[in-house]
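Two complexes are shown next, each including chain A; its partner changes from chain B in the first to chain C in the second.
Right, the complex of A and B next:
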């Protein structure tokens, strides 16, 4: 199959049966799955333990041979060596050489991509800064915490500036800062036209970053589609309102009561735990507290941003807090759940009318 | 090549960090320093050099072989087992490059270890054989006969093959060939008997050998006649005899009396005895007081030795041959590590090495069976199991025979040149042929292997 401009990864009728020494079937891990991933998409593979996620990823990478079915990654079979130049892979555990330092690790993987010395050095500097491990010096991987090793794993997956990034449980073992950073990174990569294929147990993370998902169970795709399509509840609406005086609120509720003929549910939005955690850590850092492990890191390595737009090199924590703090609605904080426009024109108009000059609705 | 080299350096670092390898390397250090200091030999210059060169290098070779096999087996198998290989095979690297890189890493480790061993042995040798340590004649013998690389030229082979063939034909024609004995076995026996006859000197008799040198010995260097014999009688006492030397142009005969016990001896002969056609005629007269036959060794009975290279050159060539052997072991370990998990790979590799060490014994079994089937089963025909066993022995022998070549350490410690021809032959057999086949198999299996099987 030739690589088409749109589809970068396709799986058709994929089966994997693990056999014992005598060739007898032992376990049916993947049982006829099909899906396609488009360029620039963030695609998530979900499923409980033993559902076939890791087996599928290993087949995509040529680490396992399919019993039946076809796989094309960037238009080539998974074992094609040349197409690997365009792929980045983060395994579910950090399978790194324990006696290498962070820099040596990235240098080794950079060499496998035939990157020149100066290019390797430049990318390694940026990646280490990105994952907040630029100050680990002579410490070897075996002295790293799980989260730190995970960050190096992520950095090695990006050393070649890949077109398609395959991430197996990318946020596992990371602290909230690292998790947020990975999620932002995934979004930035997608904005840069890169395709991200990930598997995760952490449903909230998947929901935050994925455009489309497939849910696996017993080696089969049980559900597949865009997050919006799959999660949207058509009969319900959420209207974020901020800065209302008690009178304005009563007016809004009255109109709703009259229109719907029922008592509307009223809830105060809460900050989520992630935001709260970020605030606490930010205050602690401002008061001079230092830790020996990974720092917060820069947003995204320059070479991953593209030549025309480079990051300002700011602290990811500051960036996150800047972005998130003014948002009162959990829905607004969630990029995957965009606010749903009210369906009825008259409802729209009446709310506008009610608010009039007295209120300042949040600019979405 | 950048990728292969990167993998090689990682393989090297993995190896030298292994606790087993560290322990064995320490043992190597103890061997290099300990053997020359503790094993004294019989005090003669020859035994001193033999201990240092032969024993030390042999022990260090065994240790390095274990290190190499262990590291080779671990290089692929452990990375497959702990999934580290995932982050390498998912990069744009062919599996052949990974295999090659790991092999190269082991070669670098061995090259460094052998170089250090060589320097250490040479340093200790220079220290222990300094002039002040020895009497003048002993020191001269060390310099002329031991710490050199002398070319060894055996006596021209008498035309026994033709004679043995004729004799065999006569036996067959006259029906005197033993029943049940194969013509091949009979030929081997007849040929061996004739060789012994041509190398034995009966009481009162004189026998001569012709030795043609391939090159003229360098001026100013001594030429040696080396001979090895035993007596036909039960009592192995020193015998009286007379050596005659000459050549086709110069009829002059030089008589040197022989009064030595059985064994290997050498005596310096005038260089002018080498004829213009590079031939030397060596004769021996048995004039012993007791009537006994002097039996010169069939292979090493009468030989001429002369200076070819300095000792250090010989040492380097020997180390090179040892390096080829280790490169083969590295390939074997890697291929086994590609096929099996670590302990299985290690045991399989060691089993193959043991088979190789016992290849001489296996050869004897197969030869005995070929010579006389009844030695296996006195009742007559071989059972199916015995035939299968023999078939297996022959297969193993056929596979391993090319690996049983000259022992360069024996040549080095006896001051005999380890020629480039030996080095080239070892390279062809051990690197081109065996490493090529084993490596090819390793790459093929590695290519086919699924690396993502859950542990």
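Right, the complex of A and C next:
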């Protein structure tokens, strides 16, 4: 079963021309692309709408036949049925049976992998909890919102604990919490030695998780490389400073002015909207309120974590906030000094304002 | 691949239209004797002919619709891409789909055949209606709907599929119960008043429907729902008149010979005229037609599998 090489996906000179009924060429979707994906890598395929991302992915899965070119998935041609056991795929859009419930859907996909009954049940429980849909009960997927259906799709792609996960726009339709969760999930999967291949045009998402990317345009790879190489601006530097008194700041600026011989630019760091959104939602949840849609969910299903390390499975929201909370700097602990940017308190005040008067929200 | 067959069956019965088709077939056949009994002389034949015609018509709609639903629509909506990206052999996939729909069609055939038998009993005496059979047949679907509604209300289970299953069960119970009562309501040995000779006729029609289903499945792998439906109806029409169109020219014209061979000859399946005047359908005829249907279905499915194995999933 083990491959000798570390390359799990390779594409060489891939072409795809869509033909009409009479065999006349209609659209050149993919126009000679090459790339390789190594084991344990998170590879992102970027590109504007209609640049051939989904077409490429469908060829990787053997759903479409390439007009020209070679594809190897786990060392096999893409139409090999057995290698599918080790692949998980999230299609681009509506791909679920509308008259099934969430649980029935996952059970069906589990059966396609010949998973035993108890194993299926265990995985389904964990997956539903992971994507926050354990309370949908007998509601059929027809009644789900777009993001809820997307979450089931994601769970479906992971039911076989795949080695390669192929995700076509994994975050489309998800709320920020879901997006964040998917990004965490992708990172966890990569840490567990799995390969993730994803397509997206949401650049921020790609930037956060991918090791390497390829940018497609008009069916051709326009740029390819590791995120660090491609995005690092070598001649610029960023020096995060916190807890400076105004005097200290003036000193630093003076030194910089003397060294550079020019006026340095000074900016306050800003929290991003994602973080702000998380805090608002967590406040709202702390003050109670029934959820009819998708819950926040647990972090990552245990069986995907590997047997040796099962996480406690904390709430993703709390984890995110913990991770992002400004660490108490030594200077701030000193009662004599004044923090330069009291962003934390400021934000709390803003959230309380936004939520209106709801008694006293519990503090975590 | 039982999972796929089961899912196909489940998806099919959860469609409201399948429930509507079966219920209307049952109710239509149930009402028929009430309308017909006072107007014609040979009511038994009228009930048989029109009942079996409804059987065939609704069955054709059901099987083509189910084929389109579970194949064409699945290809269009992309559910198929998620399934075929799992370790699923395409040949088995298509055969499992066929098997799943076949299961539903068989249930339908049994249900409607029973309805026709009960309706024929209703008019077994001229100008007199047997309210035991007519009543229980007409009430059964409503009882089923009521129970399914209650189940849905209290436990939130799917109404449509439950109603379909319950309708089947309740009609069967009604059939058994009515079988034990005579026209005055007294107990009797089971099934004395039923015309069991209808069974071979119903079996032949079932075979016809399955043959048509195979054709529909094949078409659905390549065509949209509407062309599939149109072609299936044309095949049905032409096939019904196969002897007329092709049979008489088969010796002289090559095209007639091909047509005669390629289009299934539904005359083999429609033998209800043989029942008139107490006649019987020979089991040997059923057997011969069964072999014809089996061969034809196998051939068509082979074609379907080879088409499907090379088709692209968009």
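Some points to look at:
Just so it is clear, the second predicted complex is superposed on the first by the 320 of 364 C-alpha atoms of A that agree within 3 Å, B and C clash if a C-alpha of one lies under 4 Å from a C-alpha of the other, contacts with A are read in each partner's own complex, and residues count from 1 in each chain.
The definition used in the following text is that contacts are C-beta pairs under 8 Å (C-beta built on N, C-alpha and C of every residue); 3 or more make two chains touch, one makes a residue touch a chain.
None of these values were measured; they are calculated from a predicted model.
For the composite obtained by overlaying on chain A, chain B and chain C cannot both be accommodated without a clash.
With both structures placed on the common chain, the touch criterion links A:82 to chain B and to chain C.
Shared-chain residue A:236: touches no atom of chain B or chain C.
Within the superposed three-chain model, A:63 lies in touch with chain B and with chain C [touch as defined at top].
In the superposed pair of complexes, A:268 makes contact with neither chain B nor chain C.
In the superposition on chain A, contact is made by A:137 with chain C only, not with chain B. Of the two partner chains placed around the shared chain by superposition, chain B and chain C are both touched by A:108. In the superposition on chain A, no contact is made by A:24 with either chain B or chain C. In the superposed three-chain arrangement, chain C is struck by just one stretch of chain B from 2-10, 218-226 or 290-298, namely 2-10. 58, 61-65, 81-82, 84-85, 87, 89, 91, 93, 95-97, 99-100, 108-109, 111-113, 156, 160 are the residues of chain A that lie in the contact sets of both chain B and chain C, per the superposition on chain A. Looking at the complex, you find that chain C touches chain A at residues 3-4, 7, 10-11, 14-15, 77-79, 81-89, 156-158, 312-314.
Residues 18, 55, 58-59, 61-65, 81-82, 84-85, 87, 89, 91, 93, 95-97, 99-100, 108-109, 111-114, 156, 160 of chain A are the ones that touch chain B when the two sit in their complex. Looking at the complex, you find that chain A touches chain C at residues 58, 61-65, 81-82, 84-85, 87, 89, 91-97, 99-100, 108-109, 111-113, 137-138, 140, 153, 156, 160. The part of chain B that touches chain A in the complex is made up of residues 2-3, 5-7, 10, 13-14, 17, 82-94, 450-453.
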